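Shared between the two complexes below is chain A, which has chain B as its partner in the first and chain C in the second.
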Partner chain A sequence: MAATSTRYILICSGKGGVGKTTLTANLGIALAKQGARTAVLDADFGLRNLDLLLGLENRIVYTAQEVLAETCRLEQALVKHKQEPNLALLPAGNPRMLEWLQPDDMRKISAMLGEHFDYVLIDAPAGIEGGFKNAMAAAREAIVVTTPEVSAVRDADRVIGLLNSEGVKPIQLVLNRVRPKMMANQEMLAVSDVTDILALPLLGLILEDEQVIVSTNRGEPLTLTGNSSPAGRAYTNVARRLQGEEVPIIDPSKERQGFRAKIGRLMQTKIF
Partner chain B sequence: MELEPARGALLVPDESGRGSHWLVLPAASQTPLPALVQQAIDSGALLGDGQIEGRVLLDAGSWRLNLSQLGELQRILGERGLELVTICSSQPHTHVAAAGLGIVSQWPNSTAPASPAKPDSELQVHRGTLRSGDHLETAGSVLLLGDVNPGARISAAGHVLVWGRLRGIAHAGCQGDNTACIVALQLRPLQLRIAGAVARGPEGAPPAGFAEEARIVAGAIQIDPAQPVWPISD
Partner chain C sequence: MTLRDVIDKLLGRQPASANTAKQRLQLVLAHDRSDLNPELLQQMRREILEVVSRYVEIDFEEGDVTLETEDRVTALVANLPIRRAKLPAPAPISEPNLESELSS
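Right after this comes the complex of A and B.
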């Protein structure tokens, strides 16, 4: 049963450690919960950890490497999530795989996944070298993750240039690790500073949240447990917007105020 | 009707000493680029004698190549132990793609100015924002319809005109013309260069609502509201 309109989405950043893998895991779970058949593909063959974040590390038998070598079937390599059967992980091969993997291999893998899933999320490695280019080959659209820091924004911009020249479209932006207080005090780039330079539609805004670290260590993404922490809600909203629902972006500078103040916190959506 | 037989790519020895051979693409071809290049190398389509080895220069003419096409070419050459070191092209898009791969690119001699005294005879128009890492370089003057983001560079032998926000690095008169100017709707570059002069961009928010221009005045770069005249003479 082929899904004709599978969306192949690359999750990338340029700079490392800005939250690509965390977003992939949370978004994967959230989409699955919303009823979409979702595959997450770990394209970070060097430093894989998507399996860890999803709590699936100990259930991996085969990997993309064996699928490509045709020593196992795709179905055997896919690891289904226990609580969210709509979500499956295709694990990366071992790090040596980098040496022989070509963009064509990635295209092959993603085409195979397209036959079974509505969404294929591809967790890209940091950087703009071979590993990133392989990951990009498997994608049609992209989500660029950045933090409100000059260096992360600069690298994101570089990546957007590469995505543009490959015709990857649409490209949307997720701004991660936002600290409302620092933003309000102008100690951090403002949301508008970032969107001004990158000139991309904002798909989501995720606050700095220690629950992210707690959930990472447990191997249970925030979106899985229905955790209503700020980041958990933001990840769920990213998934809803991706599905075409209109969910207003929450003003970070008002997030930390009392519960009552939150009622009036919806931003004018026209800004984005 | 029969199609004209496709003309192939040629390998011409390089005299500049920068590489072994120029790989010259035909003006137009029915054959896809990778096959064209494969054929040229396999058939030894050599003009003049000698073994191709080491470094290859690409004359892409007016081919509009994107990053993946150039990357593919680089890979094909790489498989034969050949390194693509320079690209000559008349297409801004190809230059941007080359910059993306870190390959030196140049404009064909014919579009280069006859003398540094008259660099503004040619105007290249480029549509689209230059993002971090991009470098657009033109032989005459350049009109960019878009922004120059931080980390991007734009340079021209003549004037640099930016219909957008200039926040990266701009170099006008890069072959020595110190009458060249840099104009932008919003001029907040990291760095400005005109001929041999260098200046850091101004700090603070730009005055809203009017374009600014930079010129050399008494040996130093000075920024003023842009003059309401087109700087390029015919």
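Right after this comes the complex of A and C.
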């Protein structure tokens, strides 16, 4: 039976390397754990990595391309996660593919996924060219990922402009790789600077966390192991907020305690 | 100004970079969003100053025409300190209006 309330969410950033795929993997697992049937669609076919972060790289046989060409059924192409069977991965294509799927193909494949899943998370490729536009065609709403750096924020802004012109909404922001210490020293854009400049509601704030690298090494997203790392908690909270739960966003300045943090706050006192 | 800014100034240190980042971003985004290249903006700025200075004497040193954005809306903001009005008031636009008002 078709799930009419399926949410088709594009995860994008413009700039590469800011954490799109990591967010998609963690969010996918977290949603699945919360009981939502979730499909993650890797729309970055040239440089696909979602399989690697989910630990599913050895299990891909078919892609969306074969499904659309009717050389296999959707069920055959979907790669189910072993520990979290509510989650399935579908790569849009493979790097050897000569012709990329068109926007219509993306719409078709996501509609097919919508018949079986509550969430379809689309991991967009970096950039704002063809590959991104194809990925966007399949989405109704979007999560923009950025870091508090000028280049990432600028690129995010370009992407938001494109999403606005295509009528994709709501668009929500995830601020990744936040370093509380640098923020406290005013050597990093403040959270409010980024949300003001991009004029988007904040869906999540994720602290810089070495455990993210450890988890990608293993192909086990932080949200899978129920890990108590700061980033893992933050990803789980993003999923809960998506589901409509009210979860307060952490305040980076409160993450630091002790004497040095106190001095840091004193230094930010406005004196005139 | 915060305590930290004061100490930085006293010690001759570079001020914290977050504010610089914010200002640079706001400027570059205003350009990105409006699709105006710097050359075109420069030309527009020249022409605006030209028109305004027909009516009033402006302080060119202090004057500034920039793009600013807030909530994804870009605005052209001109900040032109006026030294004094130019007398007599320039004719071309005001006179015909005056006549039409008198005749009606």
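To be clear about the criterion, the second predicted complex is superposed on the first by the 252 of 272 C-alpha atoms of A that agree within 3 Å, B and C clash if a C-alpha of one lies under 4 Å from a C-alpha of the other, contacts with A are read in each partner's own complex, and residues count from 1 in each chain.
Just so it is clear, a residue touches a chain if its C-beta (ideal position, glycine included) is under 8 Å from a C-beta of that chain, and two chains touch if they have at least 3 such contacts.
It should be emphasised that the depicted structure is a prediction, and the values quoted were computed from it without experimental measurement.
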Touched partner set for A:D193, first chain B, second chain C, both or neither: second
First, second, both or neither for A:K133, with chain B first and chain C second: first
Contacts of A:G161 with chain B and chain C, given as first, second, both or neither: both
Superposition-derived comparison: chain B or chain C, residues of chain A touched: C
Overlap of chain C and chain B interfaces on chain A (superposed complexes): 150, 154, 157-158, 160-161, 164, 197, 199
Of chain A, residues touching chain C in the complex: 149-150, 153-154, 157-158, 160-161, 164, 183, 185-190, 193, 197, 199, 266-272
Interfacial residue positions of chain B with respect to chain A in the complex: 66-68, 71, 96-97, 100, 128-134, 147, 149-151, 167
Complex contact set, residues of chain A against chain B: 133, 150, 154-155, 157-158, 160-162, 164-167, 197, 199
Residue ranges of chain C touching chain A (in the complex, touch as defined): 1-4, 6-7, 16-19, 21-22, 24-26, 28-29, 32-33, 71-72
